[in-house]
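Next up: some structures, all given as structure tokens.
Shared chain: chain A. Partners: chain B in the first complex, chain C in the second.
Right, the complex of A and B next:
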């Protein structure tokens, strides 16, 4: 070892032990919260609420009323549960924003992502819950109104694309411009597929059946595969990024007195 | 610390330097290309299934497409791919000015393709062939998504051309990436052309 090297080792041995930051533990907590929220979301939307796979878009008003009657209990239990835990979406968006703020591409993109996803959650999530809960808790209403709630819920849930498209574009740009390699570049390209499937899904407003209806192979099922792949990739990369954070990783924010 | 190579064994000194093997275009872009091909493959299979369910209707609508424009667009894109491949060879040989010209020629072909496609869309829509016809629904979606990819390809080519002005040593890698993406656009178009214009 050189003299300079031994001197450096001595300096290090004399350094006081750095206090452990809580950041890493918080990241792991958010990692598990993210996984739990998306699992709960899948159970609520798919198994109980029956929004995915969706009901047929080419039904009459009486068929729509009969469908609500058949799935009343599942929709009520599943969607009330989702209304209670809806704040989990903010946690999920926040943790992605946290990692985006670690990127060299700038904080503005992180804020843009959080804002776009926050706005998108209203038509893409809350409106579906409110429409279908209204239909199942007020089953005595006019069939035409029930029919409207049926359509409004599904079209809002699957057809509200602008905010999500903007959010995914922002993530892709942030990753491609990032020099800190928080996420690998290929994840930006996976995110671009999300953008493409979101744009394609806009067709569902115009079609009542076929590959481009809201239950279509292209607008829904292939898009679902892409979304599932995106979530799986993100969880794996999230885990890796969380493991890379050590006690020496600087916090994003520190109290004024501790600087 | 030792000077580089001073204490290496004689065998290591005499052997030629080992060239690091790397995937042309980089792993990240290959993920994009292979994934894109997979998802477009899913779209094509979906089209084939729907076509098999209504062969006569699809064939009747298909006859309204202008095969001449389709062939011209295919030739334009294949030519662009030739320019792109020559650009990679040029940049590997260090002929940066030539590489830049070839990439610009590739981009010009992409712009020409876009103009022809916009003209074709305008022509079809003005004759009443809209997405209310199932075949034309697939036609507009496939060619539209392809056009989005082409626009992204033009952007990536632009980044590569800008990189050729730079001296940071990333030239072969960034040009390979852009050309790899461009070849994918070309390949996708060849399949779309065969499916929509030729298959009866």
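Right, the complex of A and C next:
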């Protein structure tokens, strides 16, 4: 711990003694927001908007139009809802960044994570919502234009690889260098698998069908299994890390005058 | 000559920088207002019910003013970001267990501003070759309007995070008064319904409607004005606390 940290710890110990509670209220608020956001995201993307699992890349323009026609209501309800709650991504990234700041590997990597995910929020998510909502906004558009919006949405959403690759690499490095043991080392290796799936997914830009297409066994389903495993591990570790913080864990204040 | 210690000096120049960002806001607001008024499709806002031929004709008839306004927004729009980072800097002074609000606020500001930047690119591309074909001009115009009005989530998060930070702040000596929290929540609620602009083609929720256009943009502009005065007071108090003469 740095000098600033211990000085703050002393500072806080002078406050009237409160009953020690497990964890910090703010961290728990963010924990629940994270869980609620990802659940809502899954409902909006999978059940309503039908973006995951995705529609086929090997369709004609008329099939794309027919697909939009069939799912118009779901896309409109689901994606408008997602437009309103999309800011949950900022909060979810914030909490991961917070734990990274707690690591001895330093806050630089936390900022790198936040920055990479901040980039990812636009092409990796919001562009899909906007493209498909623009398609369903006027179903009587020229089929060629609908086809373009179909591809633009899908490839932006599934094919935005670098932002997340950068974010996952940074998380893995932060965990491996960390001496505070905020997250266990094995989680870094799980995270590296996320990077592998992103690299493999680059093939979706070249293939219209088969295992490497955007709906393929390798680019999509294996990636989904790895992501599912990652998020389950993460939520469990997150709970543990949040509970490990007591009200006495020094806050991440900067001292007066250093701001 | 007065000799300052290193700490006093950094605090004095830090405050001076914050004040520079604060006072650039009224100038910037004036520029953005001129650009807003100059766009021929804002008074009244273009209807989503315009046909492709009407949209094409609008871009062909008003090309110079559309270019002026959208290139201007492209050039000056993101200058609003330092103002919100100034709010974030003050959020970092607030008493909070984790500082997580300010930390997340930055992502919300950056992503929200990127969406605005994308929107004026779509407007300007439509005006770049207005004889491209009405169908294509219309889809560019739709994308521009929908990205401008509908993706409200990052702004909602931004106001919610500010509110949570204000509520968590020290009640005895708050950085921002408590009503700023309530006011931020109110602004978020006023702006949230405009997500409907991606679906509705008429009524108050359409992108030219009372709620999605006037209430949304009015609430945002008013928030910036109010925060200017709130920040001015907060900076004066910070100067006083740190013993820096303004």
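Here is the rule we use: the second predicted complex is superposed on the first by the 231 of 259 C-alpha atoms of A that agree within 3 Å, B and C clash if a C-alpha of one lies under 4 Å from a C-alpha of the other, contacts with A are read in each partner's own complex, and residues count from 1 in each chain.
As a working rule, contacts are C-beta pairs under 8 Å (C-beta built on N, C-alpha and C of every residue); 3 or more make two chains touch, one makes a residue touch a chain.
Quick caveat, the model's predicted, so the values are computed rather than measured.
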Inset, instruction - May I ask you to decide whether A:159 touches chain B, chain C, both, or neither, giving the answer as first, second, both or neither? - result: neither
Legend entry - Larger contact residue set on chain A - chain B or chain C: C
Legend entry - First (chain B), second (chain C), both or neither touched by A:30: second
Legend entry - First (chain B), second (chain C), both or neither touched by A:79: second
Legend entry - First (chain B), second (chain C), both or neither touched by A:91: second
Inset, instruction - Would you sort A:199 into first (chain B), second (chain C), both or neither based on which partner it touches? - result: first
Inset, instruction - In the overlay, answer first, second, both or neither for which of chain B and chain C A:117 touches. - result: second
Inset, instruction - For A:186, decide between first (touching chain B), second (touching chain C), both and neither. - result: first
Legend entry - Partner chain(s) touched by A:143 [first = chain B, second = chain C, both, neither]: neither
Legend entry - Footprint of chain B on chain A - complex, ascending: 2, 184-186, 188-190, 192-193, 196, 199-200, 203, 206-207, 210-212, 217-218, 222, 225-226
Inset, instruction - Please give the residue numbers of chain B that touch chain A in the complex, ascending. - result: 1, 26-29, 31-32, 35-36, 39, 42-43, 46-47, 49-50, 131, 134, 137-138, 141, 145, 148, 152
Inset, instruction - Using the touch rule from the top, collect the residues of chain A that touch chain C in their complex. - result: 24-27, 29-30, 76, 79-91, 93-95, 97-98, 101, 114, 117-118, 121-122, 126, 129-131, 133-134, 136-138, 141-142, 145, 149, 247, 251-254, 256-259
Legend entry - Touch list for chain C against partner chain A, complex: 7-8, 10-11, 14, 48, 89, 92-93, 96-101, 103-108, 110-111, 114-115, 118, 135-136, 138-139, 142-143, 146-147, 150-158, 160-161, 164, 168, 192, 195-196, 198-199, 201, 241-242
